[in-house]
Structures are given as structure tokens and as C-alpha cells.
Amino acid sequence: MAEETHKQTLETLPETEAGHSLWQDAWIRLRSNRAAMVSCVILVAIIFSCFVLPIFSFIADPAEIELSTKNSAPTASHWMGQDQLGRDLLSRVLHGGRISILVGLITTTVSLTIGVAVGAIAGYSGGRTDAFLMRTVDVLYSLPFLIIVILFSAVARGQTDALTTWLVDNTNLSHDSIAPFTGLIPLFVAIGALSWLNISRIVRASVQNITGQEYVEAARSLGLSHGRILLRHIIPNAIGPIVVYATLTIPSVMLFEATLSFLGIGVQPPYSSWGILISDGADRMLSNPLLLIFPSIPFILTLMSLNFLGDGLRDALDPKSSKD
Amino acid sequence: MVSVTVLKSSSAIILIGSILLLASCKQKSMVERANEDKIMLVGNSAEPKGLDSQLISGVPESKVLTSLFEGLCGDHPSEDNTMVEGAAKSWEHNESLTEWTFHLQPDAKWSDGKPVTTEDFIFSYHRILNPQLAAAYAPMLHAIKNAKAYNEDQRGFILCGLDENFPVEWDKLSEINFQGDPKVDIDDLKNRDFEKLNLEEKRKLIAGRGLDRLDKTPLEAIAADESLFAWPDKISTDIRNLVLERLISHIDQGEPDLYDKAQVGIVAPDPHTLHISLREPVPYLPAMTRHTSWFPVPKHVVLKHGKMTDRFTEWSELGNIVGNGPFKLKAWRFNHYIEVERNPHYWDAENVELNGIRFFPILNFYTESRAFLAGQLHTAYSLPPELLEWAKENHPEYLRVEPYVGTRYIRFNTRRPGLDNLKVRKALSLALDREELCKYIFEGYKPATALTPKVGNYTPPDILEYDLDKAKALLVEAGYPNGEGLPRYKILTTKINPSVEAVQAAFKELGIGMDVELKTFGPYVSAQQAGDYDISMAGWIGDYPDPTTFLDMWTRGNGNNNTGWSSTEYEALLREAAQQSDPDKRVALLAKAEKILLDDAPIAPIAWYTRLYLHRPEVKGWHPLLLDNHPWKHITLEVEK
Amino acid sequence: MPPLLDIKNLKVHFHTRNGVVKAVDDVSIKVEQGEIAGIVGESGSGKSVTAYSLLGLIPMPPGRIEGGSAIFQGTDLLKLNERELNQYRGRKISMIFQDPMTSLNPYLKVSSQLVEPLAIHENITGKKALHRAIEALESVGIDDAATRIHSYPHEFSGGMRQRVMIAMALITKPDLLIADEPTTALDVTVQKQVLDVIRTLQKDTGTSVIFITHDLAVVHEMCDTVNLLYAGRDVESASASQLIQNPLHAYTRGLYRSNPSNHAKGSDLHTIPGLPPNLAKLGPGCAFRPRNTIGDPSLCLTDQTPELIEHSPRHFVQNCPGCLAKS
Amino acid sequence: MKDIARDIGSRLLQGIIVLFVLITITFFLTRALPFSTFQDEKAVPDHVMEMLEEIHGHDKPLYTQYFMCLKNLATGNLGTSIKLMEGREVSEILSQAFPVSLVLGLVAMAFAISIGIPAGVLSAMRKNTRVDYIIMTFALLGICLPNFVIGPLLAELFGVQLSWLPVAGWGFTQPSTWILPAITLGLISAAYLSRLTRAGMLETLNQDFIRTARAKGQKESTIVIRHALRGGLIPSVAYLGPAFAATISGSVVVESIFQIPGIGGIFINAIQTKDETLIMGPVVLYGTLIITANFLVDLIQLWLNPRLRSHSKS
């Protein structure tokens, strides 16, 4: 008798709380975080205007010089006015935005993957591996970065030019449409190779803190491979500082690109990037502040929204806060 | 444990602390205090590499050195071409401008009280010309008779050519390859052991080095086997052996100093009369003696701290350095400031107004402008061109725009395909609208009509012009219609600024798209010296007020002529002008030479420099000078009440 | 003698994104002076939330106390603000938690965590405080307390850490100790030791205890009275002995029947089918109806929630005919 | 204590190895720079070039030069500058430049810590409230606005317009010259610290022992400082190590904007002129700084996190 009644009541049970995977839960929470959503909209708008608008004709050629009307204020034909060589500032900001966004995202990903990997392995394994990895980080920290840049730019310049000419010959793209991007490859390598040091130390510290906790020993006792433990248990728990640091790296990488471009790697005239436009604007701050303000607006907006989005992501992904 | 109160209070302390400090700073600005103490605050761009006037040559160094030392002639406060008394009270020259006599100030003293005599001057010129010292600016004194031979250690000429009773005249001997053949590449052979080289390599090394530069073993090898060296056939074997024997004996004696044997044209009949004989007439010799490479150094101090030929010894350090100028060194903190104070022993001390000068090495000219406007400097080194308009509107009373003896130009590498074609170079030069460039980019500069600006009695020829259609036509004639077929050149520069981008755009209008290649200063210089460049942005500031400082650069093998261009006709004209003692004829010859240079267009001058800088009105005795060499002793600080 | 703590019609709801979760919906519990009152129920029945809301430890938002009162020594704890509550927390009412592994601060020595309540509430620091702390450790049965006090939590076993927690809670001699499943995370042998410690200390100091657990065996060993919660409401409450002899509600009977010790060897274990209801989608009527296999589900109230009535002296039960019916 | 000493011993050994590797890499990297040290704007004739190379020992084969460099460094002799300040002892140059960078770096980091960490703690305690967003916006501005924009802005406002503070130059006796450069140099670290502290604090405030502390009747602010801060500071402390070393080693941009005679400027000019000894000096100094800074950070983390101590023992 107990059997049937047992089965019968099961069907009529009221629907219990539907199981949510961590990611679905995170998405629900992220969606409800107003600031994160507003930032998403801003980001999409900026990326759209930088990557799509320049295709249309009303955006002028960023390299076209008109000396007689240099440093002029915004007019109907030039919404953001003209820069120190009379070029249309709006189109330079948009074209520059493409390069800066690309640099920001790609190099940050490169430096994050390396940094998190090294940091996690060092923090998790401890002992000799940790010492070896951290001492390598110490060496890389103190290497004279400028020498590497000078050496690298001498070598890299040859390769990128060869690549550009090869592309120009084999595809119908014009030199001006490829050159700004092929020029960035040495930049990705240079920044990526040396900017992961900070994040590796931070991840190591968080991972060391987490590895001490019991559930990691529990996971180890279940015979999970080190790789799985790191990926599934440790890194998600160190997600907080990682996400925050990622959103901090993007602006510094974009500005770093400007410094490198002044040393011969990355963006060469007539192309430009937000970093270069801001630094040019800073030089002319007294005579024409608009040259500083206009490029700074999208730059700061992008980075603000990236940070709010990062924070929203951090809160959403935090396994502990999924309780409430 | 740190409690919240502590954290809050620490940031509070910093805030309160800074407010207190701010209040204390409100009183007199640095400049006002300096005016009272009669100390001039000068922005001097870079940190001087050192204060040994014979080993360094930069403009910032010369600003400090002209306060500590004084050449034979002094700078006139307002006129470019007139000389005033310096270390020499008076001077005269023979009719052909080749023999000069300077009479030193009778009671001139070094800043340690010791008298300044011709012994110091002879020692100084001997030291800077001494090949062991390897002074970069020694060539400034090559006008002196046999100075070049001694400086370049031409042993063959000195040991044999100058020896009267040597059996053969020098003009026959001079065909022997004494100084080495630059075209022969011996870099990889240099450091290898001579015996281990094979025959061919030995011959190559000997030809590359030349007899003057060989050690004992190769010389003996040549003595043993004549075929190792390409002797000119009209030199008989015993003459050959005599030459080799003299060179070998010179080495055996430990390569003694050849100064006396070289009979360098400097003689001092008495402690206050200096007689200089030149190899050719030099009308502008007094002006040349104002250059730091002609400054005397105190013999007794130099020798106290090392041999004559020791580089950068302690002698020119703070505490040891002694000078004959209006001021002496008081303080020197690296990258911070150099301070000089009044030198009581200076012969004209009572006419010196200032009590001291403080030089600030501020490399960032935006920082320097801010420092000036914040009342921290009397005079700034240079105003960034971007701030010219702003300065005109807001601070006209401080702004100074003065002509300067220098030219911004573009250098073509004539060995590169396309650029080896005169028409292409001409087209590129014609595509530069110099008026517009000077109006908007090189603000305040004057459009160049030639390489040499107006200097001395020389009026630059009016050759350069802007004509886009003619340029395009030339390209078609040259076989590159609208730039097709030309490789994609790179414009080499050390700084990305509007001038590079404007030039890039001008060439684009001609149909020739170019990239910009940025290199830091080191690689920028070595790339051009190795001919590893297409086009480069360049500039040159004259060392002395005479066209030759601009025209000598383009002779074959000259350190600055990296264009790969040379013209025998051009060099013949220069040599002829050098021998010409009549100033007007000389200038005409130089103008003819410049015309050849500009017609062949290995370079494309753009604009003549103008010095833009901020300067406080209370600084008196500071007048526009082409060489910007304002004599410190005539400067005064008078604040209008 | 008025009860030490009288909770009446406590309502605590959580306003989350997927609806309002009525974690505690009208709970009334009385705790007499010197008595150990048990709060029993499956996970999600609201037992922990009831205890935490007394001391304001639930995160607000999203949690909010909708209604009811908790009179403790004359004052209603639910009306107090943060500062006033701090006078009660750790001084009048102390708590010990379920997971000893994470409940102690891993970065501080045991000594500094033990003396903290003394510093806050009795302004005792330094040597005197350390002495009191060592005494407290000895009272919970930790030998060589004088030296072990200076080590870090990770240098203690689970059971030892729970003893430290108890020492820390009782060091200020509170009037009421709330123990939130203190033994669940421990193995059985250590569990017994911890329970003995709590019982002996309770007898010596006369502190009243609210003992929260889901383990019936522990309840009967420890508690004087038992309050059974289900789906955020109290189903039945009475003295421990009454409840064993005369369980009334179908849920209580189901629980006792599924107790392993009541089964003959080898017979199937009786279980209550199904899962506790989703507290965000609770309708009116008896919440136990869908799982009522012992009583008569057809008689369970469906339109209005059953009232709590005093079936016999000090024996309250949810008046739901279906659940009270004998099968 | 014994194992702490062992730890320190092994770390010192590792430090020496790191320095050795650093010196070797720097030596060969410097030699690989594509230009000659003795070249000048006006081409230097070959025989002069050869003589200069002989004077400075460049004519010897590379490996002998390398061992000579190691021998000098081992005996603490940093040599003399061969180009930028030819003839001057590197140790003398560093002894004048390093104290400036050190003082500026310390003041900048003091500013960064005293602003960054409290802001991070505050925004963690007041999560997702107005206070949190205001602090976050300022932190982001600190990161987004590069120092070559903030520096001139501060100098223009406080120096030229209000003339409260000197705009350029450095004075050990005039702290007023420290303020603007320290703020410009420290701002980015302050921003990073506030963001990292906030993330670290949020991570720790979620832990169970915080609830225990509350149950003891502890005030919220003391809970944050006494209980949460130690765990919350872990990411920030990890960042502080290298940040300290980087800030002290001088930032070329800030030194150029405020005319600070620090190491940054000298080091960059030394590289531009391939002045080997003047490159090696700062690299060794900076290397030691980094090694000590990271070692100190690890020690602090051991102190902060006792669990690590037992972890490192096992």
C-alpha cells in the first residue's frame, strides 16, 4: 500500500524551486544590476560607432590635412573641430578608437591568460615551482623594458612591413586600411609579454589563500587532477580580484600603447589612437583644450563602463553571494 | 591592529599638513628673491655632460662654459659680427689673413689667482689636437697650420714630409697610402692576431689601415715582403725602407707625441703674445675663437689631476675646476642645477653686474614654460611651437621671437632606388609649400630659400620654390608618373610631431605615400651613418657665423654627409673660396657652390630656425643674437619700480 | 514566572529576485528560564532564520521582519536598532554555529578571539581577560588550555574548535545560548562529547539554551521542550516526553516512525515522501497535505491556514483535521 | 623560528640567483642595441672610434668584458659612466639621484595607501550605495587620466594660477616641492589599491567568521578592521610589493613634468646613449629593490595569513 500512495503523491507535489546553474544564476543577477546594464549599452554604442561609422562617407578621411583651419572649434562639417594639422578630430577619434579598443581587449586577454596561469600554478603548487615562477617574475620586473622595446622595434618593424606589403599584394585592401592593424602585432607581443607580472602576483596571493581552505583538500581527496582543481575550484574563487584587475589593466594598456608608439612600436603617423590623441591634447592643453577633452570622453566612458560591467560580473559570479 | 580612527587621521594629517605648507608659500616668488640677490635663473634644457671645454660640444654645455671660461675674443652683447676684448686685449693679422697675433690681457688671472699666460693657450691647443685625447671637436682647429696632420696622427707626413732633408718631396710621397682606404672593410679583421691572417687578409688589413695606423709587426712584414703593400712605383725601394724605418723607430720609441715635429702653427714669443699661422686665409678666425673648443684650459690644474691626454679626469669637477671667465663654479647637483658665482680674479670683474647664475637642466619645454610663468626662471631655453599663439595672446611681454643660425631640412639617401634620380629629389623638394609650412607648422620660422641662412656678409641665394605641377611633371619625366613604381619610402625621425606628418602629407599629395619610422636618437644617428634609411628629418645649428659651417658638411667623407652625394666641382669651389682672402669674392664663390648643392638636391631645406623663448623684461643687456651667445658679464637685473 | 524568551507570531520574509520567500511565517516559541528548548525541522523549515532574526543577524535587505514580537527580559528584540542589539549580542544572548571550520577567524589567535566579548561587554582586557579565557577553555574540557590558547584555529580539530566556540559564547555568562546545529558537522563520538559539555555547562550556569537541530535523537537526549517547524510554521510543540508518548500531528508521527531505532532489524525504513515545499509559492491551507501519508490528506484544510491550538496543557498543535486524523 | 630563518636563507640565495640572471640578460641585451656607444651626431672617424673602444675595454672579446663586468659588480664597483656623464662614478650619480626617487616614491606610496586603502574599505562596507559609486568613479578617473595629463593639470592649477606650490624642481628641505609630483605619481596606485582592497574586502566580508564576530556584539567598524581587513588586504599587499619598487625606481614622465632629478630620467638617457655601466647600475639597484619588495610582501602575507605558515611547513 505504501508504494502506490507514495508514487501518487509525487506527481501532485507543487513544483519545487527550479535548479539554477551558477552561470544562469550569474546572468539573472547581472541582468538585474542596473549599472552593469547601462555600461553594456554604452560599450556597445562606442564599439559600434568606432567600428561601423567610419565606413560611411560623412566621416572624413582621418589623414586629410587642412592647415589653414587648424585648431578650429567644432563646426557643422567638423563636429569635434579640427586638430593641430586641420584634420577632422571626430574621424581621428573614431579610427583611433578602433585601435585602442583592439589593443585594450587583446593585450589584456593575452596578459590575463598568462598572468592567471602563472599565478594560479605558483600559488597552488608552492615549494620549488612557486619559487621558480616567482623568481622569473622578479627578473622580468627589473629588466630594462626600454632596451627590449628598442631591440624589438628594430626587428619587428621589418616583419610588419613585409606582412603589410604581402597583404596589400595578395588582397585588394588598400595599404591605409591594413597598415594600422598589422603595426599593432608587435605591440600585442611587447605589452602581452611584460604586463602580466602584476596579475600573476595577485592571483598567486588569492590562490594561496584559497588553497589553504578545506574544500580544496576535499577535492584533492576525491582524486581530482590538479588541473581540474585549479580550473573548477580555485580560479572561480579568485575571480574577484582577477576581474577587477582585468578591468584595471585595460586603461593602463591603452595608455601604454601611446608610450610605445612614441618609441617606435605600434601606431605610426598618420594613424592614431586614443592614447596618442590624449597625449597630443595634453601638450596643447593651454592653447586648445578641446583636443584633450574630445578624445578623453569616449576613452573615460569606455573604461568606466568596463569597470562597472566588471564589478557587476564579479558580484554575479561570486559563488558565495548566490545564496541570497 | 590599525583602527579606523588611525586610518582616518593619517589622511587628515596629510591634508592639514599640505594646507599649512600652501599658506607658507604665498610670499615672494623665486624670481623676485633672485632679483634681490642679483642671481639669474636660466632654463638650460639638458644636463651638461661635463665641463671640460675640449671634450664636450653641446649648446647647453656652452652656456655654462661661457660663464666660466673666455676665449681669445669676447662676444659683443648686441652685434653679431663685431668682436670685443676677451682673454686677448687686442689682435692683428697679415694682409692675406693667414698670420694672426693675439695680445693677452696683461693682468688676466685664473679663478685661483694664477696668471693666464700663452703657456696655457699653447698647452690647451696642443691638448685638444692631441690624437690620444680623441676630442670630437678638434676639427674646429684644423685651420691652424699642420693641426689636421698632428690631430689625425699623420706619421708619414710629420716624420718624412716635414723633414727638410728627407730625400723626396712630400707631394711625391703623398701618393703613398698613409691614412688608409675607407672603402676597404676591415671591421672583422681588426681585432684578430696579424700573424694568423692569410696573405690576402693581411694585404686587405694593411690597405684598409694605411701605414700611419699599422703596428710594428705588419710594418716589418711589409719591409720583408714588398708585395704586401701597394707602393706607388715611382717610390724607390730605399725610400720605401727609409719610410718604414722611420715609422718603426717611431713605434720603438713608444710612439712619442709628435706635436713639436708637426710644427703646429702656434708660437708664443712672450708670455702675453700668441702668434697663430693658418693653412689658409680665415677672415672669421676671431669669431671662431669664441667657440668653446678654442677656450683655454688651466695647464697647472689639468696636469695636477692626470696626464694631458687622460679623458674626463677630476680637473673639471666641482672643487678643482679653475676658469678665466667672469664667474666660477659654486654648486653642481646632477639633473638639478649648476650654480656659478662672481669670479673676483677676472680681469674685468668690476664691470660684471650679476652675483651669480643658476642653470636648470629642464628638458621638457612645457615644464619649463610652466616654471617660467610660475616665477621660477628669468629666461627659458625654448617655447614649444604649439604654445606660440597662446603666448602671443596671453604673455606678449615675455615672448621673444629671434632669428637663429640654423636650418631644418630633409636628407635624401641618394643611394636608394628612385632617390638616386635627381628629378625625383627635385620633385619632392618642389612639393614642399614652405610658406604654408612656416605659417602653420614651423611657427615663427622663416621659409628657407637655400641651406645657409643670412650670416655674416653672406646673402643666401633664392633657389628653392614650391610648384606642385612642375613637381608632378618632373616625376613623369623621371619615369614614375604620379609616384607609381617608386618603392614605399620611410621618413626617419626621432619625434612624432606635426612637421613630420605635414611633410608626409605633402608627399602624399604628389602621389607618393610614405610611412614614418620613429627611432630613438642612438639608432637614428647610426642608421643614417650606415646609409640604412630613405629620407630623414634633420636640422643643423651653425658653430660660427660663416657659411662654411653649413657648406663644409657636404664634402665627401664628412661625418654629417650621409646622403651618399658628393661633387668634385662643389668641393673645388669650396677649396678655392677657402684660399680667397677678399671677403666679397669669397662669399660669391661660396654662393656658387651652394647653388650646385641645391641644384643637385641631396637635401631639401625647409625653414630657417627662429628661437622662440620666454624672457623676463627685468633682464637687461640681453639682445637678439644670431648665435644666441649672450655674454653673461654684460647682463644686469633691473626691476622697474 | 514569565518565560525568559517569548516569541509570538514571528514573520520573516526574504524579498529575492524570484519572489518573496516566506522563510518564517507565524512562529511562536516560549523558552523558560534554565530550560533547553529544541527547535526541530528539515532544512528550509525556517529554524535558523528564526534564531538569527532574534539577534538581527539576517542580511537586511533582502531579509525583512514582517511582524511578531520576541520579548526577552521585558524588551522586544525585534524593535531594537543595531547599537541596542549589540548590548544583547554576546552578553545576554550568545550563539554557536554549525561549521566550526569556518566560524573562527583563521587570521587571529584563539586567545584574541576569546577575550573579545570580555573587552566589548565587561571592559576587561590584558592578563585578567586571558585568565578568564583560559578558565573558559578548561570549562569546555580543553586540557593544557594555558599553552594551547595562543595557537591558531587551524591548529585545532573540528570538535576542539566547537568547544572553543562554546567557551567563547559562554565566557560572558549569557542568559540565553542559541546553538545552531552545533554537532551536525562533527562525527558521532565528538558529537557526544560536545553535547555533554553543553549540558553540564547549562546545569552549572543555569543558562537557557535554544538548540536547533534536525536530529531527533539529539533532541531527546538534550531538550526539555521541543518545537517542531515545517515550511516556516510551528507544527507542534510540547515537552520532550509528551511528544514521544503522544505525537499528534501526522508530520511528527511520520518523523518518529522514520527514526531508525524504532524499526525492527532488517525492515524497510519508513520515510516521509517528497521534498519541503517552495517557500516562495506557498498557498493557503495545510502545507503538509501533499506529503500526508499517515493522516487523511483529504481532510487537510485547503482554504485557510490551520491555527495553533493548545490540545492539552502546554501541548500545542496545528489544528488541521487531516493531519490530526489517525490512519 | 628555525624554519623562518631557513625560509629567509633560501630566499636570499634565490635573490642572488635572480640578480645574476638579471645582470647577464641586461649585459647582453645592452650589447645588442643597434648602435655604437661612442657615435656622435657628427660621424666619429674610425681611428678615434677604435681608440675610445680601447679606452673603455670594448676591443676585448665579449666574454672577457662580461666576466670583467661580473667581477666589478661582485666587488661592488659599479664603474664609471662611459658616455652620458663620461668619467663620473656610477655610484656617485646614483647616490645623488636615488635618494630623490626614494623620497618621492615613499611619499607617493604613502599618499596612495592613505587614500586608496581606506577608500577601498569604505566602498566595500557601503557596497552599491552612493558612497561606493563616488569612490569608484574617482578611482577610475585616477586610472583613466594618464599622469601626463594629470601632472600638467595639477601644475597649471596649483603652480601657475594659484602659485601655492612650486611647479618644477626638487628640494630635500622644501617639502612643498614634493606634493604635486607625489600626488601625480601616487594617484594610479591609489586607484588600483582602492579597487583591489574593495574586491578583497568583499571576498572576506562574505566569510562565516564575520557572522560570528557580529554575534559577539562587535561594532561593524571594528569587525571590518579587526577581522576583515587582514584577509581583505591580501590582493592589495600583493600589488604593493612591485608597485613600491616601480614607484621608487622613478617614473620618467613625472620626473620630466616636474623636473625631478631622479633615477628614471638618467636611466632612460643612459639607454638612449647605450652607456653600459650607467644602465647596469640602476638595473642592479632596481633588481635588488624588486627582490626585497616581493620578499617583504611574502613575509607580510605570511604574517597576515597564519594558515600559510603551516601550509608552507608541510
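As written, the chain order gives the labels A, B, C and D, with residue 1 at the start of each chain.
Heads up, the rule we're going with is that a contact is a pair of C-beta atoms (placed from the backbone, for glycine too) under 8 Å apart; a residue touches a chain by one contact, two chains touch by 3 or more.
Owing to the predicted nature of the structure, the values given are computational and were not obtained by experimental measurement.
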**Study point:** Chain closest to the middle [Cα centroid of all protein chains]
**Key:** D
Exercise for review: Any chance you could check whether B-D or C-D wins on number of contacting C-beta pairs?
Suggested key: B-D
Point to revise | Centre distance in Å when subunit B and subunit D are each reduced to the mean of their C-alpha atoms | key: 38
Review point. Taking each chain's centre as the mean position of its Cα atoms, how many Å separate subunit C from subunit D?
Key: 54
Check your understanding: When the C-alpha atoms of subunit B and subunit C are each averaged to a single point, how far apart are the two points in Å?
Key -> 91
Point to revise | Computed distance of Cα centres, subunit C from subunit A, in Å | key: 49
Check your understanding: Which parts of subunit A, given as residue numbers and ranges, touch two or more other chains?
Key -> 150, 154, 212, 286
Study note, to complete from the structure: So subunit B residues touching two or more other chains come to 366, 520, 522-523
Exercise for review: Identify all positions of subunit C at which a residue touches two or more other chains, and write them in rising order.
Suggested key: 106, 154
Study note, to complete from the structure: The residues of subunit A that touch subunit B in their complex are 63, 65, 67-68, 70-71, 84-86, 150, 153-154, 157, 161, 165, 175-176, 179, 261-264, 268-270, 276, 283-284, 286-287
Study note, to complete from the structure: Listed in rising order, the residues of subunit D that touch subunit C in the complex are 207-209, 211-220, 226-227, 230-231, 304-307, 310
Check your understanding: Which of the residues in subunit A end up touching subunit D in this complex?
Key -> 35, 126, 131, 134-135, 137-139, 141-144, 146-148, 150-151, 154, 197-198, 201-202, 204-206, 208-209, 211-212, 240-241, 243-245, 248, 251-252, 255, 258, 275, 278-279, 281-282, 285-286, 292, 296, 299-300, 303-304, 307-308, 311, 314-315, 318, 320-321
Point to revise | Residues on subunit B engaged by subunit D in the complex (per definition of touch) | key: 1-4, 7-8, 10-11, 14, 18, 21-22, 24-26, 29-30, 47, 49-50, 55, 131-132, 134, 136, 152-153, 180, 182, 190-191, 213, 311-313, 333-337, 360, 362-364, 366-368, 370-371, 373-376, 520-523, 525-527, 529, 558-560, 562
Review point. Which of the residues in subunit B end up touching subunit A in this complex?
Key: 366, 384, 386-387, 389-390, 436, 439-441, 488, 496, 498, 500-502, 504-505, 508, 513, 515-520, 522-523
